Amino acid sequence: MSRMSVRNWISSIADRGRELLDLPLSAPQDPFMRLATLCHDLVSQKGEARGTALAREVVRGWEDLAESEHLRFFNIMQNEFSADRIAVIEAAEAYKADPTESNLATLTQASEPARQELLRRINMAPGGTRAIVDMRNSLLNALKENRHLEPLNADMQHLLTSWFNRGFLELRHIDWETSASILEKLIRYEAVHEIQGWDDLRRRLADDRKCFAFFHPAMPDDPLIFVEVALVHGLADSVQALLAPEIDETAQSRANTAIFYSISNCQTGLRGISFGNFLIKQVVEELKREFPKLEQFATLSPIPGFMGWLRTRQKSDTDDAKQAAEILKAMEDDSWVNDAARAEALKKNAMQLCARYLAHAKRGKAPMDPTARFHLGNGARLERLNWMGDISTKGLRQSGGIMVNYAYHLNDIERNHESLVNDGKIALSRAVSQLAGNQG
Amino acid sequence: MSRMSVRNWISSIADRGRELLDLPLSAPQDPFMRLATLCHDLVSQKGEARGTALAREVVRGWEDLAESEHLRFFNIMQNEFSADRIAVIEAAEAYKADPTESNLATLTQASEPARQELLRRINMAPGGTRAIVDMRNSLLNALKENRHLEPLNADMQHLLTSWFNRGFLELRHIDWETSASILEKLIRYEAVHEIQGWDDLRRRLADDRKCFAFFHPAMPDDPLIFVEVALVHGLADSVQALLAPEIDETAQSRANTAIFYSISNCQTGLRGISFGNFLIKQVVEELKREFPKLEQFATLSPIPGFMGWLRTRQKSDTDDAKQAAEILKAMEDDSWVNDAARAEALKKNAMQLCARYLAHAKRGKAPMDPTARFHLGNGARLERLNWMGDISTKGLRQSGGIMVNYAYHLNDIERNHESLVNDGKIALSRAVSQLAGNQG
Amino acid sequence: MSRMSVRNWISSIADRGRELLDLPLSAPQDPFMRLATLCHDLVSQKGEARGTALAREVVRGWEDLAESEHLRFFNIMQNEFSADRIAVIEAAEAYKADPTESNLATLTQASEPARQELLRRINMAPGGTRAIVDMRNSLLNALKENRHLEPLNADMQHLLTSWFNRGFLELRHIDWETSASILEKLIRYEAVHEIQGWDDLRRRLADDRKCFAFFHPAMPDDPLIFVEVALVHGLADSVQALLAPEIDETAQSRANTAIFYSISNCQTGLRGISFGNFLIKQVVEELKREFPKLEQFATLSPIPGFMGWLRTRQKSDTDDAKQAAEILKAMEDDSWVNDAARAEALKKNAMQLCARYLAHAKRGKAPMDPTARFHLGNGARLERLNWMGDISTKGLRQSGGIMVNYAYHLNDIERNHESLVNDGKIALSRAVSQLAGNQG
Amino acid sequence: MSRMSVRNWISSIADRGRELLDLPLSAPQDPFMRLATLCHDLVSQKGEARGTALAREVVRGWEDLAESEHLRFFNIMQNEFSADRIAVIEAAEAYKADPTESNLATLTQASEPARQELLRRINMAPGGTRAIVDMRNSLLNALKENRHLEPLNADMQHLLTSWFNRGFLELRHIDWETSASILEKLIRYEAVHEIQGWDDLRRRLADDRKCFAFFHPAMPDDPLIFVEVALVHGLADSVQALLAPEIDETAQSRANTAIFYSISNCQTGLRGISFGNFLIKQVVEELKREFPKLEQFATLSPIPGFMGWLRTRQKSDTDDAKQAAEILKAMEDDSWVNDAARAEALKKNAMQLCARYLAHAKRGKAPMDPTARFHLGNGARLERLNWMGDISTKGLRQSGGIMVNYAYHLNDIERNHESLVNDGKIALSRAVSQLAGNQG
């Protein structure tokens, strides 16, 4: 079945769709049926003839659709915009009999569901990309209770991955000269250390701080992901110090270290499409170029899974169980933070177990902690643990107040990544290695 | 087979590829083997770890590859970056047994050849999109004698179609304020009426002329397609008049008609991905907004297949044969152009046959003439034939000196397009219809 | 004395200056003496040779100068950078004897104080314009107790007027896409109705509000003046309604009136250089073009001098005295605002006297009220008084809670302006005219 | 007389002007009288009221004025827009009696002719600056036979100098990405080595060439001055080599020297306002920053006065007379250029006299040669003479085929400039000094 015949078939389902929908069309006031019809038209010849006009109407139809109708719409997208079963099976038989590249190509085309073409055509409209990202956002919500929509999700993710290819993204430096429209999105999307308002934001955009974001040309005012960086002297060990409102005027000139202290995804509709690793690596290169004095690039990161792991651990029959229980008891409320003696008493045990958690707790070959998984998976090295590095309520609840530095040495990234993926080996500094001990 | 397992498999072929290639690696000076190895690395874990760096090396490797090695490289892309045959067949069997959307999704993914992922990863590099467009350009050349590469071509076209989606394109007004770097590309790419140099270009960018082009954000200095428009009073009937160096200062203010007199694709590597219909329709809307006095939007187009058709026709046993022979004889050399009497004598016959050719000569349901096919397929109407509308050598050789106006009435576009596609019915003005007669 | 000889003379005073200053130069650590010397150098040959480098040092010297030294510096600018007395007198004698244009030119040049050239040369530095505006700002403060510096002020104002010529200013539309750096300046500079923070600002930049500012190319991030406009239906009568946080989504589409509800100068250093009249007129034109449905352009303005005038009036022996006293007594505290009956009782008297104040109270031929002076001087017409138009504390203290609309009819502007300037005749609507009565 | 009274007086002359002009107004079709009236209105109250609208009409009036009427218009500007004689004389008397700064300020203001205010107000219009530059251009032509217009010229130059202050200019890098509209102006304005067309221009904008220009914000598409630079290895000695179409791909990377081979003023209306010295110095700084390997910055310049000086010299009774006569005879036609022996025979004498001309021929303290005067006045050093450095016809006619390098060492610029201005001492390299001999 050639591409042409795929097209013809798309037109034919569109026509079938129209017939099915003809009745409801007598009630043109129903925005849902109108949208479904427009989608069928869009993948038909009408779509070819009327160009972007029809796509625009679909986008508007989607925007006007009540949220309560989204699920119904997703079911239509999945069920009415599938592939031609007969054509798929014929192509598969042909390939099985003679697995040539040519037969494979026929099968590849035949097995592509019509909803991919539908999405590509929606994307022709101004605002189409934005609409599809929004659709996926809604679909991800719906998925929780409607696992059967996974194929539609796979198609959306497939297309979005292709469209939000690294090569199409634009890295922009964000500062106080950036538009308020974009800056307010930073305030809204900051996921790690909440931005308290415009004054807090302004401090994070002062001369000794840097912020970078990726943008896609089809959504020029919507950051996809952004990272906040502090230029400091030596590895930072406390996020509260970094976020303090005072600006050390001399800091930038003395800085030899760039600390990535927050990285936030902005578009839930793009979940599963990874930008973070590209962003960090490109920002390292940008900063190196602009500030040749920088010698070290590292994060100051939470350990979001640590306290949860401790709770599991205390119930286990490992050697750690008693230690874990003691720590959890001591941290039951947050008062220890203001009691130097109690804090000091806790430190050794807590740091040790945290190091063990990061160095040894795994999900498959990958680290169990999600932040560790991200940075170590990118090829970073677990450099240092910082006691009382984040004494905010959130920091205490999740990470026992500890923060960790992951260091990015561009030269080691590939080796670290491969060791992890192939052998499950985590790159550790000597200090962390010692703290984690040798047992598992 | 989940997307994850596809990835693993990609890594495994990459590793296999490496083994196969290990020997030649002992000769690291061979740029071809180096490029092949880099491609295998790129789709493997290394590609994930090293992000855009590896993609950049592949792009450079491609750029440095001798043209004589291109074919060899395309063969590797097609043969070493296919799909996992076993996985494809298993997925196909599962779908055949139970044609659920979920099984379809597995099959869709399994049957996607690894070269698609390879291309997506090459695209991560700065300049990656440009490199892939260049690859396709070279592949299209190679295809002529290597039809077996059609599957690779299908994959490239599939991805490029998705990436050069209308929604990602930017329409730009081109004028004398545009950079010389872009303007010189217009001179180079103009395909219909050659631009004679900077003075000629400047005239085509004067106040009573407009030029618009589509650009893609990943190739911001490379127009994809551009259209040249003349603002005139009444339908233009001669391209020589339009291209004359004199500027009628009052023309713009009196203009009620926009004549699209040239539309040129710039990137042969994007052949088969259609921009022209979107461009014309959007330019019509732009012009309407900017010049509310415009009432009519039409082309002034060649009839590139007319003289060739006449030559076939004279050998046919149709009623036209004699007429065709007479015309061909009279036009044997170009001297008739300067002889009013001979020109007048020719006119009636030539116009009549030309109208018949345009109105009745078909390839399937579509018009035989390629320019007619494009504009009528877009939903335009065949409005008028213009005797001696293009008396350049090229105009005489191809079109017998005749030019035609295709009119774009936005309201009729959809109906015209559907009548053509469904019923093979060509939209004609009354005048052309009469000229073409009623017989076939 | 030719321009060349003026230059030579400047050099000679620079050299004299240097001699005078040579002693203190032995203490190069004194930033004040260093700045004075740099200024002398700048108007000398050194200034010509070293181009902008020296100007840059003067700018830096000024920026580093303690505020307590400003007055001393201004005295030096005035006294050491004057004109050549002998040359002036000679040129004046020559002109008196023979008042040719040529002799006038010599006198014009001779009588220009060297500080004008000094300022022009400071202006060559990057940031020079900004520095001079800051200087003038400081000078205006100093002037209050140092009237003798008026000549220096006249020179600064003369140059700044020439440099901030309307033709060099750029009108920019300010909205939520504008940089935070500029927006925070709006918050800081708003002089009429204080902006309460970013949320308030955002509301003022919503779709049914417009904001425009003038910028100078040498200070691209510093607005000079800005105006805030509300698009509404019918003349607005209450500023509290305009500033309310709720947005009427349909307002913009229904709007037939543009209300200028706030206009703020941003640079005190540019006092006396008028931008406001240009700004309002150009914004009227911009809005007309963008929103052809707008029929009416008017302000909603305070009457800042009204309550003060009432206090004078109650002590006068005019017929108004008793009325004024009653109003003042009733408005002694602000509780009447919340008491409909008392407010109603006050209304007639207060509105009448306010109308009389605006229509008849004069300073020379000009209206006594400063806001009235500005708008009526621009050619606007006093259109309507609005009872309880501004019930903020400030509104009550200054304007008795009343606000007024000045209407801008572009066609009447010239006539209104001339009637006012020549005959002291204020343009009034019929309603205001009746309210103000016929007596004076 | 306060600034206010100046204004009143301006209004009064405007009114007088109107009376005088009232008669011709009965012939409103006379564009000249209309323009004169508009000018009077513009400096009157009408100008204040109608803002930029009136200024716009004056600009249009000027643009429409026949060239043959320019002189008449300049006479009106000079005669009808003077100062108030009585007020000037009173102010002068007051100053003479009591030369305070305050009395000086009054005199400064009184003696400023009304035409300065007229020009400032014309400048309020869009395109006003451009119009005034054009006026000055025309005035400079008229001046040749109308020396009495010098005062008007002085006023224009005075204002333009203030407006085209270095601080307001923008340096832009010109390359192939620049708009065709600006590039064609480079072709038109190149004054030193004619640009032969777009291909020649493109070569001058290749990677091993740089071009920079100053722009003023009020004339954003019109370069004021531009300089062309070649990046080469070692001091360039031949302009034909620099202009050759071949590009040495490796040149930029090996370059240690920036050669300024052409500098052209674009706006004759700005004659006498110097940009060149600022431009060269800023470009030196730009290039240093971008290409840290550059060690040397020098020109490759013609000696436009050399051959003329030789002709004078041969008639003098100096020791050079005979030598000069011989050179002139040998260079009578250009054939020697192609005859190595004759060229060699000429070389010693010609180089020696040329060195003497540059090192010793003076006009006052300044070098006689205009190009030498410019560069040496800027503080450059006469570095080297290059035999047969420019063998174009123009090069042979003016400079005897010799070219010279002036070197810019930023550190020596001030000292060189001062030595020249104070002592008439020209900075020479040792080699040139020897060549020039010790006698005068």
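Order of writing sets the chain letters: A, B, C and D. Residues in each chain are counted from 1.
In this section, a contact is a pair of C-beta atoms (placed from the backbone, for glycine too) under 8 Å apart; a residue touches a chain by one contact, two chains touch by 3 or more.
To keep track of the chains, here are their UniProt names: A, B, C, D = Decarboxylase.
Small disclaimer: the values here were computed from a predicted structure and weren't measured.
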item: Co-neighbours of chain D (Decarboxylase) and chain C (Decarboxylase) - touch as defined; value: none
item: Fitted rotation between chain B (Decarboxylase) and its twin chain D (Decarboxylase) in degrees, CA, nearest 5; value: 180
item: Remotest chain, chain C (Decarboxylase) as reference, centres from CA atoms; value: B
item: Centre-of-Cα separation between chain C (Decarboxylase) and chain A (Decarboxylase), whole angstrom; value: 51
item: Separation of mean Cα positions, chain D (Decarboxylase) and chain A (Decarboxylase) [Å, integer]; value: 59
item: Residue list for chain A (Decarboxylase), restricted to those that touch at least two other chains; value: none
item: Overall pattern in which the protein chains touch one another (line/ring/star/complete/other); value: ring
item: Contact pairs between chains, per stated definition; value: A-B, A-C, B-D, C-D
item: Touch list for chain C (Decarboxylase) against partner chain D (Decarboxylase), complex; value: 3, 45-46, 48-52, 55, 78-79, 82-83, 85, 88-89, 92, 95-96, 99, 101-102, 104-105, 107-109, 111-113, 120, 123-126, 128-129, 148, 150-152, 154-155, 158-159, 161-163, 165-168, 170, 217-218, 277-278, 281-282, 378-379, 413-414, 416-418, 421-422
item: Of all residues in chain C (Decarboxylase), those that touch chain A (Decarboxylase) in their complex; value: 176-181, 183-184, 197-198, 202, 221
